[in-house]
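See structure below.
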C-alpha cells in the first residue's frame, strides 16, 4: 500500500543531513512551508545550501536559519526583500555565499533537474554580468546562455490539500515554485493544510504523488 | 520645468496600453499604471508568481494571505484569470507571449540598454528577480521613471554605467518630463509633459533627444 | 474587451496558409481536434508540415489530409498506428518527408519553442540512429543530445471547456500534447466541447488564454 | 523445452514488481503484467499520454472515449490517480521518477543494449514512440518477450544487429524459458521456467548464459 503520510513535522525533516542542498518553495509569504522550516530549525542541521526565490524576511523561516548560522550558501533570485535583515547581516559580514539566478532561469534550472535534462539555452541574462564565465551561443541573431540543471537533496513544499498517495493541490498563488521543486529533489517533503486518506480528484492534482516522498499536515496559514 | 507627479506619469503611460494587452507591471511606480487604464479597455495583468488577471487590492479584511503579486502585496483576481506555476509564468515572458512590460530603471541608454537590478555598491546584495527574463522575451519594454536621479544626475545616458539588465531592450521611456521612443538612431521625442520645453529637458539628459 | 470566440470552424482555420507548419494536438483519438481538421481539409491549404504524435488512422483527420495530398512533411514519434494506411501509402511511395522524434523529445522541443528557450540537452536517443549528425555532449558520465526548439505557424487544439478569454480545461487523457502545443505556435486555434462567456475557475485552467488566439465550439466527441 | 504461455510469462514478471512501485507497461504483452501483480501490493501504472494510476479496462458501455492508455485502449483510473500533460509525463520518465518499465524487444544484447523500435526493413516506417525516453530515465528496464523470434532465430545476442533503442539499459529479461539478469559480465541466470534445463535454453541463445 502507498501511504506517504507522516505524523509530525520533526519526523518529516529527520532525514535532512548537514551540508544538504534544500529547495524551499514559496514566494514572499505565499506557499512558504513554515511548519517544515520551524522543524528544520529545531532539527539542527547546518552547513545548508538553501535554494529559494527569496532569502527570508523577519525572524521566521529561512531568516531564522540564517540567524542561527545554519546556512552556508543561498541560491536565489531576489534576496533583498523588505525585512530580510538576517540575510543582509550575514551577507555583509561575508558569512554566506550567494548565487544570484534570474527568477525564470531558477525555475527552469530546477525543472531541468526534475525532467532529467542536461541543461538548456536561455536568452535571459545574455550580455549581462550574470552570464560572465558561462557558455554562450548565438542562434538566428539571438544570444543565449547555457544553464545547467539545479537539483537538490531535499525539497520543502507547501500545499493546500494532499492525499496518502502524495498528490498535491495548491491555493491561488501559493503554487509558485512548489510544484517544480517537488520534481527536482531526491527527497521531497510536503506540508499540507488538509491531509486526507481520500484521493484528490485526478483532474485537480497539480503535483502527482510520484514526486512526493512524505506528506505531513500543518494547518496554519502564513 | 514642470515635472508630472507619479499619478500623472502612470496615467500618461496607461494611455499607450491597448485593449486586450497582456501586461507585466514591475514593482513600485509601474504598479500604479493599472489604476489609470482608460475605461472600456480590458487589460490582463501578469504577475510572475503565477497569476494572469491580477485585480485591484482587496478591501481590508478581505485579503487572502496567499493571493499576492510580485511586490508581495495582496491582490484579487479579475474574471478570466488563470493560476499557474513559476515555469509557465516565465514561459509567458521568455516565450514572447506578453505584450508589454513596464519597468523602473536606474539608467537607460540611447541604444536601449537597461540597468535596473544592481548598482556599483559592493556591500549591497544584488537582486535580479524576474527583470532579465522580462527583457529577454517581452517585445515592448516600457520604462517608467523620474527623468533624473535624486541628486539631479541624468538617468538617460549615452551608455549605462551600472550593470545591464538587458542590452538594447527598451522600446519606450516615460518620465515626469517627457515620453521618448528608442530608435536605431537614439531617443526620439514622442511628447513633452505639459508646460515643458525641449531645451530644458535636454539640459537634464545626457543622451541627445532627437525630434 | 477580450473575446476570442469565433462562430464557426471555417472562419477559425481561414488564416492557415499553404506551406504552414501546423501542430495537431491529441494522442490516438483522444484530444484530437477533429472539427478543425475537417475544416482544414475543406479549406484546401497544401504543402503542410504536420507536427503531431501520430500520423492519423482511418479516413478522417490527419489521414484525410494525407489522402488528399495536402501534406509535405510529418514530424511525429509514432506514425505506425493500426489503420494509418494513408500515411503508410504516402511514405512507401516516397511522397512525404518523415522526421521521427522520440515522444518525450517532441514534447520538450515544442515546450522549448513556447518557453523561448534556444534548445536543451536530453539523454533520450543518445547513442542511437536518432542522434546521428546531432551535437552530443557527455556530462558526469551521461551522454546527452542537443535538441533545438520546434515552433509552428499554427496549433490546432482540442479541449473540453473554454471561455471568451481563451482559457482551456481538458477531459482526462485528452490533455496530452494540447497544452504544450498551444504555447508554441504563432497562432493557436482551440475547438472546445463547451464554450462559455462565463470564465472558467482560475484554479481549473490548464491552458491560460494568453496562449490561445481563437476559440470555437465543436460539441462532438471522437 | 517447455515454454511458458503469455499469461505465465506476465505472471512471473509480476512477482518482481514490489509494493508501491511506479511502473510503465509497454504496448502488447507487457500490458498483461498488470493482471498478475500479487494481492496486497499497490502498484501505480503510468501511461505516457498523461495518467499515473491506470486501472483495468472499463465494462462494455462504460468506456470514456477520451480515457485511453499508450496502446490507445480504453482504461479506467484507480484511487490516487493523477492526470497531466505530455511534458510532465516525460519528466517522470526521463527524470528517474518511475521505478520500472516493462518493454517488449526485437533483440537484447548481453551488454544490456536494447533494440525494439526499428528493423532493417527500409519500406516500413520507423516508429519510436516513448521507448527511448523510458530507457533514458527509468532505472529498471525489464524486457518481456519470447526467447526466440518466430523463425526460431535467437533474440538474446552478443550484440544487437537492429538499430538500438538504448545502449546498456536493460536490467532484466523475462522470456518464456527463463529469467536473466544483465550484469557487467553478461546475462546471468535468475531462474528457469519449470521443466526446462539450462543446456537446452543455452542452445537457443546466442549469448552465453552465466550461472
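Details
A, B, C and D label the chains in the order they appear, each numbered from 1.
Keep in mind that, in the parts below, a contact is a pair of C-beta atoms (placed from the backbone, for glycine too) under 8 Å apart; a residue touches a chain by one contact, two chains touch by 3 or more.
Just so it is clear, the model here is predicted, and its values are computed rather than measured.
Listed by label, the chains touching chain A and chain B alike are C. Comparing chain pairs C-D and B-C by the number of C-beta pairs in contact, the larger count belongs to C-D. Between chain C and chain D the centroid-to-centroid distance comes to 28 Å (mean Cα coordinates, whole Å). Chain B and chain C have CA centres that are 35 Å apart.
If each chain is reduced to the centroid of its CA atoms, chain B and chain D end up 54 Å from each other. As a whole-number value, the distance joining the C-alpha centres of chain A and chain C reads 33 Å.
Looking at chain B, residues 51, 77, 83-84, 87, 90, 93-94, 136-137 sit in touch with two or more other chains. For chain C, residues touching at least two other chains, in rising order: 108, 111, 115-117, 122-123, 172, 202-203. Every pair of chains that touch is listed here: A-B, A-C, A-D, B-C, C-D. Touching chain D in their complex are the following residues of chain A: 1-2, 111, 113-117, 163-165, 167, 183, 199-200, 202-203, 205, 208-211. Within the complex formed with chain A, the chain D residues making contact are 19-20, 22, 40, 42, 44, 46, 51-53, 77, 79-84, 87-88, 90-98, 136-137. Residue ranges on chain B touching chain A, taken from their complex, read 47-51, 64-69, 72, 77, 83-87, 89-90, 93-94, 118, 123-133, 136-137, 163-167. On the side of chain C, the complex with chain A involves touching residues 108, 112, 115-123, 137, 139, 142, 144, 148, 172, 202-204. The touching residues of chain A, counted against chain B in their complex, run 27-31, 53, 77-81, 87-88, 91-92, 98, 100-105, 107-108, 111, 122-130, 171-180, 206, 221-222.
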